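Take a look at the following structure, please.
Lettered A, B, C and D in written order, each chain numbered from 1.
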Amino acid sequence: MLEPEFEKLYSEMEQCHVKPLWLAERSVNPSQPQPKTVPWLWKWSQLSNFARRAGELVTLARGGDRRAMGLANPGLGGAPYATNTLWAAVQWLNAREVAPAHRHTAQAIRFMIDGQGAYTTVQGDKIYLERGDFAINPPWHWHDHGSEGDESAVWMDALDVPLNNYLDAPFFEHSAQDVQHVTALIDESVLKYGIGQLRPAWEQPAVRYSPLSVYKWQVTERALNNLARVAASPFDDVALEYTNPHTGRPVMDTMTCWIQMIRPGVHTKAHRQVNSAVYHVVEGRGATIIGGIRFDWEQGDIFVIPSWTYHEHLNESKGERAILFSAQDTPVLVALGKYREEALTTSNGFQTVKETFDVEKALAYG
Amino acid sequence: MLEPEFEKLYSEMEQCHVKPLWLAERSVNPSQPQPKTVPWLWKWSQLSNFARRAGELVTLARGGDRRAMGLANPGLGGAPYATNTLWAAVQWLNAREVAPAHRHTAQAIRFMIDGQGAYTTVQGDKIYLERGDFAINPPWHWHDHGSEGDESAVWMDALDVPLNNYLDAPFFEHSAQDVQHVTALIDESVLKYGIGQLRPAWEQPAVRYSPLSVYKWQVTERALNNLARVAASPFDDVALEYTNPHTGRPVMDTMTCWIQMIRPGVHTKAHRQVNSAVYHVVEGRGATIIGGIRFDWEQGDIFVIPSWTYHEHLNESKGERAILFSAQDTPVLVALGKYREEALTTSNGFQTVKETFDVEKALAYG
Amino acid sequence: MLEPEFEKLYSEMEQCHVKPLWLAERSVNPSQPQPKTVPWLWKWSQLSNFARRAGELVTLARGGDRRAMGLANPGLGGAPYATNTLWAAVQWLNAREVAPAHRHTAQAIRFMIDGQGAYTTVQGDKIYLERGDFAINPPWHWHDHGSEGDESAVWMDALDVPLNNYLDAPFFEHSAQDVQHVTALIDESVLKYGIGQLRPAWEQPAVRYSPLSVYKWQVTERALNNLARVAASPFDDVALEYTNPHTGRPVMDTMTCWIQMIRPGVHTKAHRQVNSAVYHVVEGRGATIIGGIRFDWEQGDIFVIPSWTYHEHLNESKGERAILFSAQDTPVLVALGKYREEALTTSNGFQTVKETFDVEKALAYG
Amino acid sequence: MLEPEFEKLYSEMEQCHVKPLWLAERSVNPSQPQPKTVPWLWKWSQLSNFARRAGELVTLARGGDRRAMGLANPGLGGAPYATNTLWAAVQWLNAREVAPAHRHTAQAIRFMIDGQGAYTTVQGDKIYLERGDFAINPPWHWHDHGSEGDESAVWMDALDVPLNNYLDAPFFEHSAQDVQHVTALIDESVLKYGIGQLRPAWEQPAVRYSPLSVYKWQVTERALNNLARVAASPFDDVALEYTNPHTGRPVMDTMTCWIQMIRPGVHTKAHRQVNSAVYHVVEGRGATIIGGIRFDWEQGDIFVIPSWTYHEHLNESKGERAILFSAQDTPVLVALGKYREEALTTSNGFQTVKETFDVEKALAYG
């Protein structure tokens, strides 16, 4: 029990919106990160079911600008965010549908899961997207999406919405016209900048954002196969970072994206970083052990790794490769002088598995 | 009322931690910043009263490492933070007392309000601080404070604690020894680097953090007086940014600090930025109109300007200058490509005052 | 005639190695560049004849480390330099011959003209070179060349030797072993870094020099064809700069290299820059008008454009493309704040041709 | 004697301006720098005598724009250059005289030796210069000099004229008006930017050139005295580099300047760099051993240290400090990836003195 003088002082402070540090020191200054973001996994079987049904039920008029289904990390108290800094969603577009033009300061990327004839137009530059393509959407650039074919399209979005809102920096605007006037040739940026070791000699480099609107899957897959012949990381196996070819830096100020091949039989060592990440399984099956919990995954699944949490990847298949795409907030931590990483040094670098994530059971408890 | 299929879909989604964007689009993507941080002002009469009483009642042993009283913005739901990104506090040290050595990844600055014989030792570099001195504390640098004289000392702290915690990046460590071994001469960094236009020729520049441990008031005041003779900003009058003389950049990755003289009779025009700031009144009296509310201030007061909120400063005195110190999160916004600023264009650039902040009334309602 | 006091003063000054500026102001400070480098062209018919004969007559033992034939610009007073800053040469290697390992601070590039089975090993990294391949050799990197096949090899070298010597910066060292131990897989750098928009995620970027040892012709040609579909420069037609994919900057600190396609029927406009360049005709025929002199060129020829001299390119063929490779000292001028460029504004941007370069006549006068 | 086929080949090559590398390999690729610049020293007794007499004899009309007396390094074949890259001169201005406005791309600095009431106006910014002041003149900035008092003025100039001419980059222009219109307050840049640790908060930093027109002696001397209390270099004693406070970089792209105090009794160790430098003795007397030759110097003398030549400084006085100012081409070497330095490792780091420079004898032989 507090002596009366203390009680009086603390009560007056409280009244005046003053908080003694000494009553809350460890919550203000924890000895290490205590992320509220929890490791989690959403099954593609459920996500695709939701997406298909939303495609049938929800019109874009009713559904706002985008038929996007956000993944809400259970640790974040109901906020519709995948991690503390990243919003991630599955977005569905019906055949011959248009998601009308708008722009925002949130920084966005898209990874194409399925669809033929789908396109996106970013600031007048129209590109067609196929499975495996990775597209960027720099902040405050107009963009509309559409599907010209007979097929629906589905992709994963990742945006820095939580960070942008946390920083009190969001701006959003609808365009007067649903579909932008196309000012560039189809795939112009790929033709001009797509061979990253040569640049139009008369142009200034694109310093702030990648000049490439889309990183085509065919090229990405070739890069993975090439790299697999010569090198791999003990922690991430055959891992490539998408870069701005004009600077070698990440494609966004607040996000970087990776494509990763976990080769058959590979079990990587555990490490952890001060960052958070959203992973999407492009192909194959395998598992990731995150903070001692084993998450088994297969094609289409999406999972999350929180900050400062050990993680390691496994592909137990005999002959099938697994491909992971991820969006990470690493550039934020690096830019602000806050990035750290550390390998696990016990048990030869592998975690002890404490439990296996069972989505049914988890949801029942959730 | 929802049709049954919708209800079923939304309920299953909720169960699986999936959130349709179209049900919450404007909260996910607001059309402009809607800061929870509110404009606020803490009176020095109250702060200094609390500080003095805490000095009498609370021992550092009982009060943890630091006798710091955090300013809790009423908009932030009880969190002990001054703005969304900045923690600010008044810290009190009794005569001949020691605040023991620790280190953390949160980035810190201090502005000296009063005290003789107070010192701070940062990573072995000991400096004495006097009224008006501005000291920096780079992340993960050991630091202890003390007062060798017969007087207590009081200063303002600003740290990026909220940001650091939000980013899941905090680390904190106590030192085995309360008082660091001093490895540099007293004021060595001032003697080596304090004349910012000349640098020891054989040394590499200090790129990550300012090589200066302290920016002395005498020098700062001279800079203000010099600048006042030749130039001023229409929005901030005679405003200087403390810089790292080896790079010209802000003194921290996540914070920049300003010293500002509002000359007698000056009423600046209103503008707003995507950033947040904590101001401390070093000297004089005046007012700042923030989002249409007039905050009158006098020496010692501390007030807050939230993101994207118009603000303008007044010094209605006939002959007395007013001096403001501030810590701002601008480098974060700039590094992440999110900074914007805008001048008010109506009413000749001045806001209409809707009300005057009355701390008694505000606290009564708070 | 000088008055006696002047004569006395000037004579004493001369004796003491003091030179009055006012007697030589325009030579010290010319109103614009007056390059000693002259526009010139070396015919491949002659160069290849010399190279083949040197291959027969001169052993590498006798011919030093390299059987390289330097192009000596007639304006440079007998110095073996192509321009003020660039040394350029044709180098010949007989079948199964080795040019032994050495290293130097001069910065070097090579463009492959012909040969099968030729290789170069740079700092343990061995690559095979084919026609059209462009290879870099960072300063102070060990390198040896060889030909494993039944064919001789021939390529163009460009080095910053004149600049390096002018700056009193040359170092040179022979290796104890003629042929380096190969430490990397064949073409390892191409496999790791050759798709410039993706980078091994666990590696730091190669900031100082390009991580790519060789830019393969097949990739380069694809980039030219791609660019030709979307854009071209009015001055240089379809022009690409080779870049370091990890920085987007030129491949060397002191040289940048371009590959250029002049499409059939194209006649570019004239411009001039503060820089100097050595061009090699990779394919086709055409002409370049340099300072009012028309230089007709065909496959294999090498020509020079001096600083601040207008130049424009022509391909008068009906259907054959022309390909030019060039090495330029532009990064030097840019780094030192000395780069300028200017378009010709008279005669609709085209020069008046005053004469046609006739190498026979020129040599007769030379 | 050459066999006939060789003779024929070499003769044809010569005729065609082709030079076999193997006949000249060591001159093209020396194993280490062989500067033509020689160590040399000009006595102030002679320089000031020439300057004074030129002031009497030569009008500025007759003497061109500037009454500057260039120091011609005896190793450079009669060129009026102090080193391979630097032009240095003593410039004299009579009382109430004007050196009319012009501009050039050569980069210039001035160090004031004597004079009251002398001023320089750079791009409309007028400053008065006193003994010890260091002024910069960015490229292509208009500048005129004058003396308003009753005294003549004398200073040392250093420009990158040789480099600028070597790179074929010189431009020069006379102004229509001899004396520029003054657009800034006197000493405005000193008032705005002279306290290098604080910067006008609303301005963008001056990235390309220092925002400071002049570095005042009083400030410079204070910096020397401060540094002397805490640190010194074993090779250069108390040495400071003038920097751009907005970037921490050298004041020019092609030159950096140092101020150095050699304290009484100090004898520094020898080292050498790939760079060249011109030194001016501001105060005191001492000696510098350059490449084994001892150069004794006293106030006003100017001497030269060539590239890759060991040098060490001595102040044998009991109580008098010696002050050296120098201009060096180091930024060029660093920017182009060509800088190296090396300490002498024999004889405890001191050179063996082979001879003492005797200017009379040297001139007699010269």
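Observations on the model:
Following the convention adopted for this analysis, a contact is a pair of C-beta atoms (placed from the backbone, for glycine too) under 8 Å apart; a residue touches a chain by one contact, two chains touch by 3 or more.
All of these numbers come straight from a predicted model, not from anything done at the bench.
Here the chain-to-chain distance from chain A to chain C, counted in touching steps, is 1. The chain with its Cα centroid farthest from the Cα centroid of chain D is A. Centroid to centroid, with C-alpha atoms defining each point, chain B and chain D lie 44 Å apart. Note on chain placement: the centre of chain C and the centre of chain D lie 32 Å apart, centres being C-alpha means. Taking each chain's centre as the mean of its C-alpha atoms, chain A lies 55 Å from chain D. Listed for chain B are no residues, as none touches two or more other chains.
All chain pairs that count as touching, in label order, are A-B, A-C, B-D, C-D. Chain A meets chain C in the complex at residues 185, 188, 190-192, 194-202, 205, 210, 212, 215, 219-220, 222-223, 226-227, 229-231, 233, 235-236, 239-248, 258-260. Contacts from chain D toward chain C in the complex involve residues 5-6, 9, 12-13, 15-22, 24-25, 28-35, 37, 40, 42, 46-47, 50, 53-54, 57-58, 62-74, 80, 84-85, 87, 89, 104-107, 139, 161, 163-173, 208, 253-254, 274, 276, 306-308, 329, 332-333, 335-338, 340, 363, 366.
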